[in-house]
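Quick heads-up: structures coming right below.
What follows is chain A paired twice: with chain B in the first complex and chain C in the second.
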Partner chain A sequence: MVITILKIYIIFIFVLMLIYAVRHAIFAYHRIYKKQRIYYGSIQDSEMPPVTILIPMYNEEQVLEYVLDSLIDSYYPQELMEIIPINDNSTDKTKELLDEYAEKYSFINPIHRQSDLRGKVAALNDALKVARNEIILVFDADYRPSKELIHQLVAAFKDPEAGAVMGRVIPHNAAKNWLTRLLNLERSGGYQADQQARYNLRTVPQYGGTVGGFRKSLVMAEGGFDTRVLAEDTELTFRLFTKGWKVIYANSAECYEEVPENWNVRARQIRRWSRGHNQVMFKYFFPVMFSKHMNAREKLDGLLLLIIYLVPFLFMLGLIDSIILFFLGEIGILTGWWVILFLGAYNSYGNFAPFYEIATAALIDGIKNDVLLLPLLTFNFYFYLWNITLGFFDAVADSVSGRYVHWAKTERFAKSKRQKETTK
Partner chain B sequence: MDINERRKRANIYFSRTYRRFKVNSKEQLIYMFALVLPTMLLFLLFYREISKFITILVSRPLSMVLPAGNVKIVSSSFLPVFGGVYHLSLPSVLPSYTEILINLAVTIVLLGVSLYSSKREHKKTPLPIYFSFILIIHLISSIYFLFARSYFPFSSTEYFELYMKQQIVMWFSLIVLAGFVLGVIGFGKMRRRVLLFFILLVYAFIFGIVRYLAFSYIIAVGSSLYMAFLFFALGPLYEFIYFVFFYSIFINREIRYFGYGEGRNDWQWL
Partner chain C sequence: MIYIVISIVLFFAMALFPITYSLIVLKKRTSEELIIPTLLVDDPKYFTDLYRSAFRSKLAAMDSENIVEYTFKPSEKIVEADKTIEYPVICNYIIYAENYDFVPPEGMTFNKEIYANKNVYLVGVKTLLGIYCKKNLLIGSGIDIIRWVDSGGEITVEDNCSLGIITTSNTRIITGENCLFARMLAPQIFLGFTKDTDFKTVSKALTNNEDYVSQEVIRNIKSVDDDITDENQELHKSIITKYDLSILDGMKVKGSIRSHKTIRVGDNAIVYGNVFAEGDIYLGKGSRILGNIFTQNNIYTEENVEIGQNGKIKSIIAKEKISFSRRCVVYGYIESGNVCEVCLDEQ
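So, the complex of A and B:
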């Protein structure tokens, strides 16, 4: 009986891998060969709406000048912009620097939080209460928006179905070391191929919590973001889709970010993503499945997206399962043609699936030379398996205990503008 | 495309945002029906002979290190219609307790080093985690043999049967996967895609022989203690790393061709 269950589980893992392989193949094929669904970037309207830009910050003295100066230089009319940097209990010079900006620019209105309820989600909720405009854009403090970006993102809200918009994130420190180069490849695959293909196919493009925006009234209708959920971006994506709204993906709205430059920071980041994403999975799995506002295609893609950070944990169990079966002498689970189908799926199609999607994106983006690092991503498989599994357990513990989740900031590596000037 | 159109296109920068290729269904069909499907069929018709060939090849050097008569070639049933596979049959060697204890001690030390490395701030890379995984498998194997040596379910012959079947599946999967990746969603000049297909097949064949020899040598000269480690750590994962390696070289070449070379004219807008 136990052996039968163990064997059935392995077959389940084979099937799951095959499903994801097909999904990646469809996305890659769609992105490289099919007609692309363009974004509303070309809309030129004389009456662009006023917009509030939120920038959560915790000890961001190193980077905040880049994002604020970039926004000040934006082509979007300053009289239509309200910028709210949210200083969340910073202990460095973030407060002083923000106050300097506020003195110089009337449209920059920082909030200085000293609340016990800390973190990005709580900070966003506080800022939403004072934000004057219906259209809200969010940037992380290490981002460097281009001059056209605000206009590009805001244009999406001319579509009455659009609940949120998501732009494309590109690492500006991609050439720093091997890790940043690999992350650049992953980002390219994630946005250029995956997000754009989901937008083409009208499935579930994801709002990513930065370089994007949403309608304030939709979030405030439920009292703001859920402070118990770490991934407010994924939560908003599914909140919107299950209520009949759409997320629009703007591949042309490019913004530069800083990716982690060492593995330790990356490990913490991916564990946090996994924790937040799995919290959303627990909350939205059944609402997505039974949503009256989502069609079958959206439901299928939505569910596969929801469980994406659960899959490494299931694979981990599959690995343990196969070791047990090996020592029980039961590893020859299938016979004949089934071996070809399932073992092939498990070992090659499933494993290789993300690679051709990333390679397709790298070709479109023209990422030459760095693409030679693709084989190294294989070793990341175990790194992600481990850290995502830890994140899954964090999410389970959060759900069981109902504890409040503290948001951990990703370490910054860039030198501040002042440091750079001093070095000169 | 006439010369004027070509000149005009050469001056247009097709932004990466929405550029794509036009499907060449004719090339896709030729690639699949003239190259991939016949290769699949030929492989299915001849995998029995291929398994026999490489088993004979591997048995020769083994015969030089093992006592006469210890290296045999046997066949086992596999696929209906296309038949069974040939594989090695070697005497099973159970590890001595000394060998188990030495392996256990070395594995624990290496695992400690690996786990320590994986915890070091700013020095963390995926490699210690990968090594920890494979060391844990060897640790489990060592503990198993320490307490339940006589219950180990595989003889060397059964292990090589499993190995050969997995190898045949991997080769077949490689043909299917290479066909799909290079033929269906593949791009670039046909001759380069055909060349890569054959390079992959040749390399897979050579790699398969070398690994078969390495596995059989370790198990014959060593013992069954290493079976789990070899199966999980050096199995199909490596098959697929070299695939990605060759594929990345190909893609890099294509990025240059479509980004800066003659291929710039092949991009379509929207």
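So, the complex of A and C:
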């Protein structure tokens, strides 16, 4: 009986792997060979809406000048911009620096939070209460928006069905080391191929919580973001889709970000993502399945997206399962026509770091040489397998205990503008 | 035994080869950061503005033989039109007309750009690469423009012209029939008109409350008809629908529209907001859209359609073709990923 269950489970894992492999292959094929949907970036309109830009910050003295200076230099009219940097209990010079900016620029209105309820989600909720405009954009403090980015993102809201918009992030420290080079490939695949393909196929492009925006009224209709969920971006994606709104992906709205430069920081980041994403999975699995506003294609892609941080945990169980079966001498399951299924699944195991999509994106982005680094993603695969599994357990514990989740900031590596000047 | 050893060796060789090769690549080569393009290619005037400013700066540096050096293309000769009486039939020089109107002889082909400070009258010219004209510009019948047209004043385009990639004016563009273009930007664009039209009378009077666009949404309807409009045949809601949508003749939608399929706007109907669709958009006779129009497919208009509002800039954008009938007006920007036709089917 136990052995039968173990065998059924391993077949289930192989089928699941194949489903994701096919999904990624479809996305990659579609991105290269099929008709691409155009984005709204070229809309010319003399009546662009006013926009509020939120930038959550915790001890960001190193990087805040980059993002603020970039926004000040934006081509979007300053009279239509309100920038709210949200200083969330910082202990460094973030407050002083923000106050300097506020003195110089009337459209920069920082909030200094001293609340016990800390973290990005709570900070965003506080800022939304004072934000003056319906269109809200969010940037992380380490981002460096280009001059036309605001127009690019805001243009999406001319579409009456757009609930949120998501731009593309590009690592500015890609060449730093092994990890950043691999993360550059992953980002490329994730945006240039995966997100764009989902936009083309009209499935579920994902709002990523930064370099993006949303309609304030849709978020405030439910009292703001859920402070118990770490991944407020994924939560908003599914909140919008299940209520009949869409997330628009803007591949041309590109922005630089800083990716982690060491494995410890990346481990914490991926574990936090897994925890937040799985919290959303628990909350939205059935609402997505039974939503009246999502069609079959959106539901299928939405569910596969929802469980994407559960799959590594399931796969890890599958690995343990296969080892047990091997030592019990029951691995003879690998005979007959099933072997084709198993071989297919085995060969596509790397689609946690979706190889097809990364290769496709590298081709489109013109970084073809970096495709030669793809085999190294095998290490990332096992590294993620472990950390995502930990994140899954965190999410289970959160759901069972109902505890409040503290948001952990990702460590910054860039030198501040002032430090750079001193070095010179 | 030997087969087992060979198998093990082969397994490790095949497993380790890609990783080893990647490690060598990692060591020997560096990755390059992706560059976010800073060219404002979505700005319709980007390339024409760039050309104008480059030309002005190069003009100041022109040598005694009228040769200018560009950083982005080989050196070129400039011919000053004010001092020139005869031109070769095929002109391979940049033309610069400084103080007088530029009126080239008929039958010419200009393989380089024309830069004029005054009016330009192009009649009987065959082909033209690109032209900037500070004042008014007449493009006579049958001219084929390869790249771009830009004018500080009014551009009048006669029948049977092809206008290249982008046509922009700071004031007004008027085209005749059977014209093709890809992108066009001007505060007022009159398509499929005759020269003797009194353009002051073309714009339709706006009703009161013209800017009102309702944010309240009605979903998944198939038509806007008497059943859902008030006694004035007005619907005060925006529409989001997964179906083909028809707005019946004379109806008014005081909101925006989004359809996952096609949209058909009936004769003399008015939409006060934006119109977005995945499928084709059909605009009936005399219909009016005050906002932007955007589709992933084609747009077809009948006669006397008006898009946008005088004094504002709005856009009509299609991934595929846009086909205009006679006497259509656009206030702002037109863009097609394929081609824009003016009265082509009627020729």
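Note that the second predicted complex is superposed on the first by the 413 of 424 C-alpha atoms of A that agree within 3 Å, B and C clash if a C-alpha of one lies under 4 Å from a C-alpha of the other, contacts with A are read in each partner's own complex, and residues count from 1 in each chain.
The rule is short, and it goes like this: contacts are C-beta pairs under 8 Å (C-beta built on N, C-alpha and C of every residue); 3 or more make two chains touch, one makes a residue touch a chain.
None of the values given here were measured: they were computed from a predicted structure.
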item: Clash or fit, chain B versus chain C on superposed chain A; value: clash
item: Partner chain in contact with A:360 - chain B first, chain C second, else both or neither; value: first
item: Touching partner for A:40 - first (chain B), second (chain C), both, neither; value: second
item: Touching partner for A:295 - first (chain B), second (chain C), both, neither; value: second
item: Which of chain B and chain C A:58 touches, first, second, both or neither; value: neither
item: First (chain B), second (chain C), both or neither touched by A:174; value: second
item: Residue contacts with chain A in the superposition, chain B compared against chain C; value: B
item: First (chain B), second (chain C), both or neither touched by A:372; value: both
item: Which of chain B and chain C A:161 touches, first, second, both or neither; value: second
item: Partner chain in contact with A:184 - chain B first, chain C second, else both or neither; value: second
item: Partner chain(s) touched by A:331 [first = chain B, second = chain C, both, neither]; value: first
item: Clash with chain C (superposed arrangement) - responsible stretch of chain B out of 8-16, 206-214 or 260-268; value: 206-214
item: Contacts on chain A seen with chain B and repeated with chain C across the two complexes; value: 38, 252, 365, 367, 369, 372-375, 378
item: Chain A residues touching chain C - in the complex, by the definition given at the top; value: 37-38, 40-47, 75, 146-148, 152, 158-161, 170-175, 178, 181, 184, 188, 202, 217, 244, 252, 254-256, 295, 365, 367, 369-370, 372-376, 378
item: Partner chain B, residues of chain A touching it in the complex; value: 25, 28-29, 31-36, 38, 192, 251-252, 262-264, 267, 322-323, 326-332, 336-337, 339-340, 343-344, 347-349, 351-352, 355-356, 359-360, 362-369, 371-375, 377-380, 382-383, 386
item: Contact footprint of chain A on chain C as seen in their complex; value: 18-19, 21-23, 25-26, 29-34, 36, 38, 40, 42, 44, 185, 215, 217, 219, 238-240, 242, 255-258, 260, 273-274, 276, 278, 291-292, 294, 296, 312-315, 317, 319, 332-333, 335, 337
item: Residue numbers on chain B that touch chain A, as the complex places them; value: 15-23, 78-80, 121-122, 124-127, 129-130, 133, 137, 140-141, 144, 152-154, 162, 165-166, 169-170, 172-174, 176-177, 180-181, 184-185, 187, 228, 231-232, 235-237, 239-245, 247-249, 251-252, 254-256, 258-259, 270
